[in-house]
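So that you can tell them apart, the chains are marked A, B and C in the order they are listed, and the count of residues begins at 1 in each.
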Amino acid sequence: MIEKADQIFVLLGHWLVSFLPVWLQPAAMVLLGVLAIIVTFPALFAITVLLERKGLGRMQNRYGPNRVGPFGIFQPVADGIKSLTKEDIVPTSADGVVHFLAPVFLVVVVFMGYAVLPMGRNMTLVSMDAGLLFFFAIGASTELSVFMAGWSSRNKYSLLGAMRAVAQMISYEVPLLLSSLTIVMMTGSLSLGKIVEAQNQYTWGLPHWYIFTPWGFAGFLLYAVATTAESNRSPFDLPEGESELVAGYFTEYSGFKFALFFLGEYVGMMSISGLGTTLFLGGWSAPLQILGWVPSWCWFFGKVMMSMCVFIWMRGTLPRLRQDQLMNFAWKFVLPLTLVNLMVAATWRFLGAGWERWVICSAILILVYTLMGRSGMRRGHIGPRSYRYAE
Amino acid sequence: MLGEGILKGLGETARNFVGSYVSAERLTTIQYPEERIAPIEATRDFPFLVYDGADWEAGLRCVACQICEKECPPKCIYIVKSTDKKPDALGKLQIYPVRFDIDISVCMSCQICVEVCPFEAIKMDTQFELSTTDRFGGLLYDRKELAKSNEYYHSIHPIEAKKVDAHLAEEKMKADAKAGAAAAAAAAKAAAAPVVAKPAVPATPAAAPAGATQRAEGEKQG
Amino acid sequence: MSIVFFAIAGLSVAGALAAVALKNTVHCALALTVAFAGLALLFLELDAQFAGFAQILVYIGAVAILVVFAILLTRGSETPKDGIYSTKWLLGLVTASGIFAVLAWAVLHSTWALPGPEGAPTAAPAVTVMDIGNALMGRYVLPLEIVALLLTSALIGAVIVAMHEKESAQ
């Protein structure tokens, strides 16, 4: 019974496919998986948008949307209808083809990332040997669509937003890759399935998640910073800073194309949260051994939605950075820390089991963090804002 | 320590988030169509014409002096004077407006018409739900739509209305005194020459008790 | 030679041709990206996962962006009025075909690296990412380090160039 609940989607897929002739079955299974992904994640996107609007409202002591349906739960439906029926305006001077291709390209690329994520036991669409590499390769191509959108609009705000976005994404891609590299070092594999399997073990009923190690914890925090910047979320949402750039690279988009950008942003956030979950939070494994009976996909989606809530929480809390602060933070703080973390992970590996490695690795990380934080703040590279120009 | 401020901020928003579910007074939102708060005394949006008594047409305080029309900065008032006269609040025969239109799509709510009106005839309304499907006709208010009773004025601006009523009562008293003096003079004259047309004052009661009855008293002059 | 190969090859060639023929420089850059993507897909079709993904990561994720940045920073995105074709196109054609001929000759005359029956293409042994990693860190560690050193020095050189400009501006 437990087994069946765990594998319900896999069994359902096999059952559906069994109606087809045998030679069609593998292709149909893949198609079904793709279909499941492109149905599930937009649905989760709708839920996330509602959560975000209501959650942000509550953080600001407001109600948030509460008009459409009971407690406003049908707000995403209303939003969807609105964006579908709005006029699709393309500026006369815009580059029509590129303008059209940019949102389509973004959504396609963003959905491709899900192909390698293990969303539950046996629930990987393509279990690839180089899954992590595939994910990052695909993630890197979103920059191009951002650039296409900004450039083709022929609008200074769009272009500035796109340039900022691309610069930011390139800068934070380095720490993103380096912080994930520690996991690869530990697991010795680029396969996301194997990474989850390595974390799906328990001692004293507690899981072997990588976040529960010093280097894993530091890596997770750095990864979280990098992903927030990579997905252009507050406090790193300069590319669409509405106070300066109207809406950044999608200023000139309206109607359904705008909705596609919106979808792409959130689905991208979810896929990168899914990767973070897989790398650091044990993927689909249960947080306690005694909770092993809960279906594995519940854990995966639960963890992803938790990450989305943290994204929303951060957006409700933190003000937007300035461009120079953003770049200083990336190159002078996050990048050195990821490099140190890589060394710490190597140290951890070679010290072997025992309590010493916990002490040594934690000490190194805390020391480096404190020293770099202090010196960075003293020199004004990072830390509280200074309003030199405003005074 | 770096990051301390971020944690503090996260704590603050978390407190807000939870608090908004726990304590109702954190949520300051008034859910408008269902919940309303009474507009404050000084609220104003568009002008209306005050009338006394039950009949709006007879009780309009406006005497079509056209000062407001001339003073109105965006020129949203249009007045047509009557050719005949009728007695006003003080009993004097006055011209009255045959047409009094305000285009509230032009009006900028400056209240200058109210400031300049010597007859306390035009006041600011608090009614703000004025949306209409007719852009032009629906927002051009004529005499009838603009006329609102003095009771209504009392209900929306109680303090101001009381002052206005006191002022009017005072004016009326002065007028009465004048009329009384005139009447006395007339009576004295009448003693000499008894054929004098009496002013159109059916009754001149002494100062009535203040308050709501002032209004009734004010119109009795008519 | 499957349909997939021809589709991908067609895509790459079309992208490359468009990169040469299009008028707008940014369009050229985007078309070049399509050619890169086609190349990456070809690698993937050959079961060379690492090469394919590295191609996407490096060429689409970084080089294409770099090209585009360079175009925008040098005002090259404005199409020149007197046409885009150089007058020395014949020379270019000769050079390109010469290089093509040399490469084709090299490819056609190279011995098969993989053991197998003569002439018949054999299935390549599955080279996993791990094998590549082991090779890079084991047998080819010296070349790798040299490349790394070269790249680092290039990076530092770029930083120095940028810093020098800033100082002279002050």
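Assume a contact is a pair of C-beta atoms (placed from the backbone, for glycine too) under 8 Å apart; a residue touches a chain by one contact, two chains touch by 3 or more.
Please read all numbers here as calculations on a predicted model, not as lab measurements.
Enquirer: Looking at contacts between chains, which pair has the highest count of C-beta pairs?
Expert: Answer by contact count: the chains A-C.
Enquirer: Going by C-alpha centres, which chain would you call the most central?
Expert: Central by C-alpha mean position: chain A.
Enquirer: Please compute the C-alpha centroid of chain B, do the same for chain C, then give the distance between them in whole Å.
Expert: A distance of 80 Å separates the two centres.
Enquirer: Taking the mean of the C-alpha atoms as each chain's centre, how many Å separate chain A from chain C?
Expert: Once rounded, the distance between the two centres reads 29 Å.
Enquirer: Averaged over CA atoms, how far is the centre of chain A from the centre of chain B? Could you give it in whole Å?
Expert: 61
Enquirer: Which residues of chain B touch chain A in the complex?
Expert: Touching chain A: residues 1-3, 5-6, 9-10, 12-14, 16-17, 19-21, 26-29, 31 of chain B.
Enquirer: Under the definition above, what is the set of chain C residues touching chain A in their complex?
Expert: Per the touch definition, chain C meets chain A at residues 24, 26-27, 30, 33, 49-50, 53-54, 56-57, 60-62, 64-65, 68-69, 72, 77, 128-130.
Enquirer: So in the complex, the part of chain A that touches chain B is made up of which residues?
Expert: It is residues 55, 58-63, 66, 313-314, 316-318, 369-370, 373-374, 376-377, 382-384 of chain A that touch chain B.
Enquirer: Spell out the residues on chain A that touch chain C in their complex, using ranges where they run on.
Expert: My answer: residues 95, 98, 128-130, 133-134, 136-141, 143-144, 147-148, 151, 159, 163, 166, 170, 173, 188-190.
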